[in-house]
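One structure, pasted below without further comment.
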Amino acid sequence: SSFEYVKKFEHDDSLLPNTWIVIRLDGKCFHKFADDHNFTKPNDLRALKLMNYAAYTVLKEYSDILLSFGQSDEYSFVLRKDSCLYKRRSAKLLTTINSKFSSSYVFYWNKFFEHLPLKYPPCFDGRIVLYPCDENLIDYMKWRQADVHINNLYNTTFWTLILKGQLTPVQAEKRLSGTVSADKNEILFQEFNMNYNNEPEIFKRGTILLRKSLLHNKVNKSIIVDVHDDMLKDKFWKENIYILSVKKSKQNLMYKGPTTEIIEDQLSKYENHLEA
Amino acid sequence: SSFEYVKKFEHDDSLLPNTWIVIRLDGKCFHKFADDHNFTKPNDLRALKLMNYAAYTVLKEYSDILLSFGQSDEYSFVLRKDSCLYKRRSAKLLTTINSKFSSSYVFYWNKFFEHLPLKYPPCFDGRIVLYPCDENLIDYMKWRQADVHINNLYNTTFWTLILKGQLTPVQAEKRLSGTVSADKNEILFQEFNMNYNNEPEIFKRGTILLRKSLLHNKVNKSIIVDVHDDMLKDKFWKENIYILSVKKSKQNLMYKGPTTEIIEDQLSKYENHLEA
Amino acid sequence: SSFEYVKKFEHDDSLLPNTWIVIRLDGKCFHKFADDHNFTKPNDLRALKLMNYAAYTVLKEYSDILLSFGQSDEYSFVLRKDSCLYKRRSAKLLTTINSKFSSSYVFYWNKFFEHLPLKYPPCFDGRIVLYPCDENLIDYMKWRQADVHINNLYNTTFWTLILKGQLTPVQAEKRLSGTVSADKNEILFQEFNMNYNNEPEIFKRGTILLRKSLLHNKVNKSIIVDVHDDMLKDKFWKENIYILSVKKSKQNLMYKGPTTEIIEDQLSKYENHLEA
Amino acid sequence: SSFEYVKKFEHDDSLLPNTWIVIRLDGKCFHKFADDHNFTKPNDLRALKLMNYAAYTVLKEYSDILLSFGQSDEYSFVLRKDSCLYKRRSAKLLTTINSKFSSSYVFYWNKFFEHLPLKYPPCFDGRIVLYPCDENLIDYMKWRQADVHINNLYNTTFWTLILKGQLTPVQAEKRLSGTVSADKNEILFQEFNMNYNNEPEIFKRGTILLRKSLLHNKVNKSIIVDVHDDMLKDKFWKENIYILSVKKSKQNLMYKGPTTEIIEDQLSKYENHLEA
């Protein structure tokens, strides 16, 4: 048609090759969404599990995602630096991953919030950031996880002061003003006999999704696992150095950890396939 | 933290000012999604209504969207050219609108597909395109609507040949090869006594969502209306010239058409607000 | 060769279609360059003529440049909004025009600074800016010319206070601090019997280069003319409305003004062509 | 002024951090420029020296350029990957370096083409390309140098066939059609008793400019040297690994080679400084 010229106004947004692609999604005004659905403070396990499950559906669909990290209302996805998915078109990558995550979040709501109906559809913003070298990418992951630690320690102390300590939010904020990590740990221990270290790892560290192998029915299966390792420690990156490798013949490390719901979900699907 | 430097790798993707912003979403592999959910061919009214409703929730949230057009598995949103929403940051605009549409699509599925469960969460890609002048924008809308006409006439004839004419898809394709619009109209009329002009307008023209005023309980309310006008005719643009106006004091035209479900939805919400 | 993959790291920087393309060049550290070459203060006619001549060589080469404006150490070039020069590749347009201007500036130095050798090669930065509509483009031209007026009135008064009024720069700056245009005009008139309006137009208004027609040897020739009109007045844009027109068959207005050196330069070249 | 809003149409073109920045300039229609100035075929030493000198003036001015390579009518400049020059604004970097090169080329023409006047100012296009890792950057340099080798062997054989072998260009092209490097070497040797390996290195390999140290008057001076090493060999990169290092305290390697005109130019300027 004579109107087709308008397609020429689309622009080429191909990303620089050989660069790590990070897509980070973040819930819009999630504070309100959390309040409207009476999320437990400061961490709601059902909400975190739903975030993880939505991210897991994204990893299932896009094999170029090597690693993923989520906390609070955000999730980051790392695509291999030699990825040619959608010819590295930025909007294509960003929107399909964001849309998949968003629609999964609503689709699986009831799986985690059994008796709490979703009142309205939430929405997540997204952005793509490129990291040229492994060090920058690793620092990005550490940055996001350091953010959990800082926030969770504050929030845990804050809400404990309010819910157990009977302080008002204003008083709690004042109490915490000027404190450092050690002080907060001290408050929790001295005043509430709480050892912050005993907090669930998912609260303290967020969740990492990565691909590993598992021996299942005598066969090595590639699965997606959810773990709560400390990425700020070198140990994680030494053990998992293969994640960032782009060799074709690379093999996933063997998984040695508990069978989580996400892992069970995959094993049972393998079972179903066998039966079918 | 010492990792915060990674935030500097984010880039400024602000859009050129004073330019029409068009966001177009399109279902990914929707052919398969439609088959998996047994959509009526070639048009499934439930599916189209759900698309319209999801788009309507987007227009409710973002007042800078002046005009919207949907057909098949796509929806286009036009933001006013002087919009400063999210400081015209491209990824922010694109992802929040795409995410809202995607999560709404899943959230309202049951409202339109009452007895058909959603099997898995669909996803929609998205892109932003800028149009510098009104003429380019109008041609964009015409381009999308011309696409409906061409596709729908083909699909209607194709599926009629198959479902009523007992042809196989291969035979139907062959039959239609080399035909022009007049031929297809002829096939429908001569062989199946069908007048293509009598097809529902939503099938022939897609759906336009725009903001108009309605006198309701003696008060002028601003509402979002869904219509199926022919944008390829000058008449539409003359009547609706105000849509593209960016004057602060502009007024919406009065709506003079049937009360659709989307309009009823807004009127009843106004009622509820009065009662509450 | 196996290294050719590196070419894929180049990116597509095509500019949005149907948008005015403005390229603005500005001398780097030209204050120092002007001092090192003892430019007359505040305006050096030789320097301004050289800037104009360098810009003229650029207009001769690129017919897609419809309009050009220069002042001080800067020059702006306006390419037609439907230009497909270099397929609207941004770096290609910007660098070839900047390079041509820069090399011409050095090449023609002696033509204007006859007895003053160029001490070192100057350099000019450059940028491309897009303007979606005619109004934005016209406002851009007005912005640049308003800048001349403000600066020149200040500079003229400043240097007069110093060179004729025997003030030091610090004293002159203090004297002018807080003054408005009327005050500066007053100082020039009252204290130095200077009527600012009588300053040469090239100093007050900068230089506009545009294409017009001239009857020469009974034939209409298309030439580039240098004028010093006031673009802040509607009169200029009404008379020259054709400049922004993109019609193929458009005709340049007839030129009715003095024969400048730049015009003479073209007429004599036409003569040479006839003889040869 | 009320027109200042037009400045907001400028866009942020900051380059991704921690990435090698390559700026490549290339003469526009240099084939014609070379013919118009009777450049020796296939290599004109005066022209190549002028290119090198213009590039040298650019390296003198911008200390963030670590390495530079030129051949034929092109020059590439590599900026350190942690460069913050002009806050990594793409157009600023590209245009100032291109303009400096272009104006220097004209300014120093007479230094190399003593009795041949420059007929008109040449111009050079330019582009910026980012390379995320050292390997990509090294491959870029190898790509440009492999290009010299391929082209020079062809051109040398081609023009020898014409100038010494009395072939026409068409005959020479035909003769070389389908030949590989070994064949061309053979032609030169067998038919013209020419050993291609004995061709001047500047013709076979182009020119590399880098920063080294030289002991001069008992003091270590940092200088820019022009060499013709083979970057396709690992030897070059092993010796010069420091070039790509971004350590603050890095030291340039000591230079051990002949005193070229470019080196002499710097030593005499050091002398002049001492005397002054």
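As written, the chain order gives the labels A, B, C and D, with residue 1 at the start of each chain.
Here, a residue touches a chain if its C-beta (ideal position, glycine included) is under 8 Å from a C-beta of that chain, and two chains touch if they have at least 3 such contacts.
Owing to the predicted nature of the structure, the values given are computational and were not obtained by experimental measurement.
Visitor: Would you mind telling me which chain pair, B-D or A-D, is linked by more contacting C-beta pairs?
Guide: Output for the comparison: A-D.
Visitor: If I list every residue number at the interface of subunit C and subunit D, are over half of them used by both copies, so same, or under half, so different?
Guide: Copies use mostly the same positions to touch.
Visitor: Express in whole angstrom the distance between the two chain centres, defined as the mean CA positions of subunit A and subunit D.
Guide: From the centre of subunit A to the centre of subunit D is 48 Å.
Visitor: Could you grab the centroid distance between subunit C and subunit D? Build each centroid from C-alpha atoms only and quote it in angstrom.
Guide: Comparing mean C-alpha positions, subunit D is 32 Å from subunit C.
Visitor: I'd like the Å distance between the centres of subunit B and subunit D, where a centre is the mean of that chain's Cα atoms.
Guide: The mean C-alpha positions of subunit B and subunit D differ by 55 Å.
Visitor: Taking each residue of subunit C in turn, which ones touch at least two of the other chains?
Guide: 9, 11, 16-18, 130, 136
Visitor: Would you pull the subunit A residues touching subunit D in the complex into a rising list?
Guide: Against subunit D, subunit A makes touches at 16-19, 81, 130, 132-133, 136.
Visitor: Considering the complex alone, what residue numbers of subunit A touch subunit C?
Guide: Residues 8-9, 11-12, 14, 16-18.
Visitor: Show which residues of subunit B lie in contact with subunit A when the two form their complex.
Guide: Spelled out, the residues of subunit B in touch with subunit A are 1, 3-7, 9-11, 25, 28, 57, 91-92, 94-96, 98-100, 102-108, 118, 120-131, 136, 139-140, 142-143, 146-147, 150.
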